[in-house]
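By letter and in written order, the chains are A, B, C and D; residue numbering begins at 1 in each of them.
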Amino acid sequence: MSEMTLPFAPAEHVGASSYLDEGHTVLSWLLTTDHKRIAILYALSITIFFFIGGVAIGLVRLELISPTGWFMTSDEYNRAFTIHGIIMVWFFLVPSIPATMGNFILPLMIGAPDVAFPRLNLLSWYLYVIGAGFTVYVLLTGGVDTGWTFYPPFSSNYSNSSVVAAAAGVFVVGFSSIATGVNFLATTHLLRAPGMTWFRLPLFAWSMYVVSLVMVLATPVLAMSLLLISAERLFGLPIFDARVGGDPVLFQHIFWFYSHPAVYIMILPAMGVVSEVLPCFARRRVFGYAFMVYALLMIGIVGFMVWGHHMFVAGQSPFANLVFSFLSFIVAVPSAIKVFNWTATLYRGQIGFEAPMLYALGFIGLFTIGGLTGLFLASVPIDIATTDSYFVVAHFHTIMVGGTVSAFMAGIHYWWPKVTGRMYHEFAAQFAAITMFLGFNLTFIPQFIMGWLGMPRRYHMYPDVFQIWHVLSSGGAAVLAVAYLLPLGYLTWSLIGGDRAGDNPWQATGLEWQTSSPPPKQNFLHPPRVTSAPYQYHELGRAREEGEPTSVSGQGGTS
Amino acid sequence: MRLAEFTAQASDYAVRVDTLFALLSIISGAVVALVAGLITYFLIRYHRGSRAPRGETPERLDREIEIGWTAATFFSFLFLFWWAASDQLSALVTPKNPLEIHVVAKQWMWRIQHPSGAREIDELHVPANTNVQLVMTSQDVIHDLYLPALRLKQDVLPDRYTSLSFNATKTGVFHLTCAEFCGTDHSVMAGRLVVVTPDEYARWNAAQPEGDDLAHQGERLFHSLGCSGCHAPGATVHAPDLHGLYGRPVQLSDGRTVAADEAYLRDCILLPDKNRVAGFPPVMPNFTGSLDEAQVVTLVAYIKSLGAAASTGSR
Amino acid sequence: MTDLSDALQEPWSDLRLQREAVGLGMWFFLASEVLFFAALFCSYAVYRSFNAEAFRIAAAHTKLIYGSINTALLLTSSLTMTIALRAATARLQRMTLFFLGLTVLLGLAFLVTKGLEYYGDIEEHLIPGSTFPLKPAATEIFWALYWVMTGIHAIHLTAGIGVVIVVMLLFGREIVPVQGSTMEGVAIYWHFVDTVWIFLYPLIYLGGRT
Amino acid sequence: MTNGDRSAHRLWRAPAWAWVVLMLLFAINLGSAFIPLGNGNVILNLFVAAVMVVVLAIFLMDLQNAQTLVRVVAVAGLFWVVLMFSLVFSDYLSRS
């Protein structure tokens, strides 16, 4: 066995016990420090919250079929969309890819036995659970009606709902993201396998690195903003109270200093996943690897400087509006570059249409639409006309749901055989992927249209001229709901009835495919050594053309 | 309700916004078509097992392509920014002597006060082809006045004035609504923007029951609250003279100099300690809680009228 | 060298690397903490720049003596913490424990002083609300920020004291060897809490004294 | 601690010097607060505080011996603070 290659499904892996066999008791899961098991814990918890948030928005969409509402009061409606926002943002999207796939795959991908601080990793999950506990408490005590943005003075002095408990939940779950971020940063710096230089890191690992940076630097600012409104609400400390000279707009500055980068916390990992899936199913190296890395870094850093575009009508100075508008156009450049590079990756490939690829292609389409509508909102006059309307709602859902959730599904399907050792039902998955794409567009294209026509967001009752668009959108949401429920079915079924996957069913490069499926507790039986750049799919193709035995070359092998 | 109440282009500015929107839509459409077209083409031509030729592209070419499209994207975004920013900058120029209409938002209604003293609720009458400036404040939470037909929107903040300037060119009835989430009845905090000809506006004003204009209402309040006891020229208490104050720079006791604009006057009434004028003792009572925003508006209007009176010498 | 392998934790194979990781992780966490406090300092800066006079008046009512004593206490505790870390690196267990104990005492002294100060503030009704004695209104913002800033700092310090006590127990019972990576993280955190105070001190106590 | 004494001496000497410097700076800060300098007071106070933090970071937090990476991380936090302050003030200082 040469240093470069590893025979496919090597004999020595057979019989090696997987991380799943290291104890079957509940405690063996709840007290685990194995990054793979923690990833599973996270995956289960965010799935639960995804469906709670989904039920909330399902009710909202159902209510919006009628312009005057039909089964909710306005207060109930306001609580439903608020809880949808809070849960989807902080209890699903932010942890979605980093805490599950990041936790599971990142150490494998860089050839590490675990993350740098395994106990901190477990702590981060418990923090998530505590934060989730607060949120469930909020749900049970009647909810919160401030919108997920918690703007004072509404949140601090006027709302009659569980604002402090909701803020506490978000505050705590924020520390779980900081813990994850610190862990990934230290892991990527110090636990890379020998030979795994920075420019040999797969793009998913890079995206995890950048997203960790954003998490670590942005999340504390959110924590402070929530702390300040809680202090105002609980103790009457008038920090944003205009009556004594405080400025509610200052809260918005602090809040968006986190919450705009939060969008990048959601989308950067998605970009990372897609950058793994596309080359694998196009059998082609990623086009412009170095540019992809620089683009990730650019987005991560410049993403901190654009928050003011959420405040063009908030009473921010016109000068600041222009500064933030300019920076928002700048941050769109690296995003555009990424789309072009993904497209070029397909050129001269050997493209297959397995489910992960379909999801990834869906991501590119939706991300392109979401990104381009971002340009509309970066232009001050159009933003003034469309902010707080359904145009904005559709825009950020296209990025965060169309983009991130598509990539999340792509990643789940792509790494499913690695995580579980089983194959899912390919046709069912392809069907779900296409349904999801169609359902998504049916839901949000009407929202783009009615937003531009003038339909404001967060409206329980609305002018009846928009009803047609709302009905279309609700119909799309129903299709989307089916598309989200399907994977729950066939993925669960695959655990019982799925075929054994083998170690590398996709014949992918990347160290995570060079260990058994599911991987053993210590990840690699032999410490891996890396000898070449990532995505050596062309080498693989050439080897096959020349009739060599099936072998996965490329990113290293065992030493 | 008709869709035109939202989509009509009721001002030149609205037409410009729509033009920019159309431009962006065309560019975006082209980019989407390009990306989707290329992806579809590649998917068909290079699907697994197809006979299309494969092989490496030269690395130097890759690099040039990469730099090429980075630069192209960058410059086209710069162009878009320039276009959007110049639209915005031209809209920022406040026209001279606008018709100033006060808007007070509270959960969940809009109260409008015209300079003539006419008041209305959830309806805003404005004359067409006239420069109108809305001066807005909120009595409780943050609201946002959204006028879809003018493509305009501005948050309305508590204890602060924000403004919205426009010149409507089309008469008719349009929608007016709140765009910033403000609580239970946010979605029904709506009304009508009625653009009428200047003549009709004058007639409409005359037909309103309230006899006094804002400044006179303010004057009455000024006397009934006892402000005149200190601020009248012959008063024994040492208090600043208000004649000709509006618009003048004022030296404050902490060394700052500020212009006596509406926000300043408002602060002086509600938070007298915030901007103490140099040379005066801090004896002004605090009117927070005893005055509502609408009353403050009339007082400010009165003080402004004093300024006008002083300059024309009629008082 | 058997105790060296005791100090090693999963997934590390090398104590030097493990210490490096703890230090690095701690510094990343501190970068996070810096941004946490930055949001607070930024609010302070915005309000102060628009209410200079009110902040001057309000700051004059803070208890300079308590604040200054606390500054001296914290600076000294940073010294004892550094010595404890150096002693730990040199594997001088008793000396480590002694200086850690000293650090804890200084930290507790800080909290006691802080408590006395808070007591005085409450006596004077310096809590924003209906009985707040100062004018103009923006002094309330200063005092709101005062309570939040010093409160959060005190919570950080309390957490620090708690951690040091736990670490002392672990060291004293030799559950964890002193030269492991633990001290590294504890010391960096402690100094950070001190750093925050160094900025809080002039912003809260030194205004309006002329 | 028999032969530890001399080494113990070495352990605390450098930090003790840093401590003396810090206390001196602290005294300067406290004293200067009573000299009327207008806006100069807060500027001076914050400048001295910044120097104190630098001294503390370099000599007590051991940045002098730290790796480049750790120093980069320490400075990175400050970079983001500067971003926050400059962009927030780009709004406040240009409001009319």
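Following the convention adopted for this analysis, a contact is a pair of C-beta atoms (placed from the backbone, for glycine too) under 8 Å apart; a residue touches a chain by one contact, two chains touch by 3 or more.
Values in this document were obtained by computation on a predicted structure and should not be read as measured data.
By number of C-beta pairs in contact, C-D leads over the other of B-C and C-D. Taking the mean of each chain's C-alpha atoms as its centre, the chain lying closest to the overall protein C-alpha centroid is A. Here the spacing of subunit B and subunit D, counted between their Cα centres, is 44 Å. A straight line joining the Cα centres of subunit C and subunit D is 14 Å long.
In whole angstrom, the spacing between the mean C-alpha positions of subunit A and subunit D is 38. Residue positions 189, 217, 221, 243-245, 249-250, 253, 257, 318 of subunit A each touch two or more of the other chains.
In subunit D, the residues that reach two or more other chains under the touch definition are 69, 76-77, 80, 84, 88, 92.
Counting partner chains per residue, subunit B shows two or more touched chains at residues 271, 274.
Two chains count as a pair here when they touch; such pairs are A-B, A-C, A-D, B-C, C-D. Touching subunit C in their complex are the following residues of subunit D: 1, 4, 7-8, 11-12, 15-16, 18-19, 22-23, 26, 29-30, 33-37, 41-42, 45-46, 48-49, 52-53, 56-57, 60-62, 66-67, 69-70, 73-74, 76-78, 80-81, 84-85, 88-89, 92. Considering their complex, residues 51-54, 56, 135-138 of subunit C touch subunit B. Interface residues of subunit A, counted against subunit B in their complex, comprise 74-75, 78, 145-147, 149, 151, 153-154, 157-159, 242-245, 248-249, 282-283, 287-288, 291, 313-315, 318, 321-322, 325-326, 329-330, 332-333, 336-337, 339-341, 343-344, 346-353, 361, 364-365, 368-369, 372-373, 375-376, 378-382, 384-385, 387-389, 452-454, 456-465, 538, 541.
Those residues of subunit B that touch subunit C in the complex are listed here as 253-254, 256, 271-274, 276, 282, 286. Across the interface of their complex, subunit D is touched by residues 20, 23-24, 27-28, 30-32, 34-35, 38-39, 42, 45-46, 49-50, 68, 71-72, 75-76, 78-79, 81-83, 85-87, 90, 92, 94-95, 187-188, 191-192, 194-195, 198-199, 201-203, 205-207, 209-210 of subunit C.
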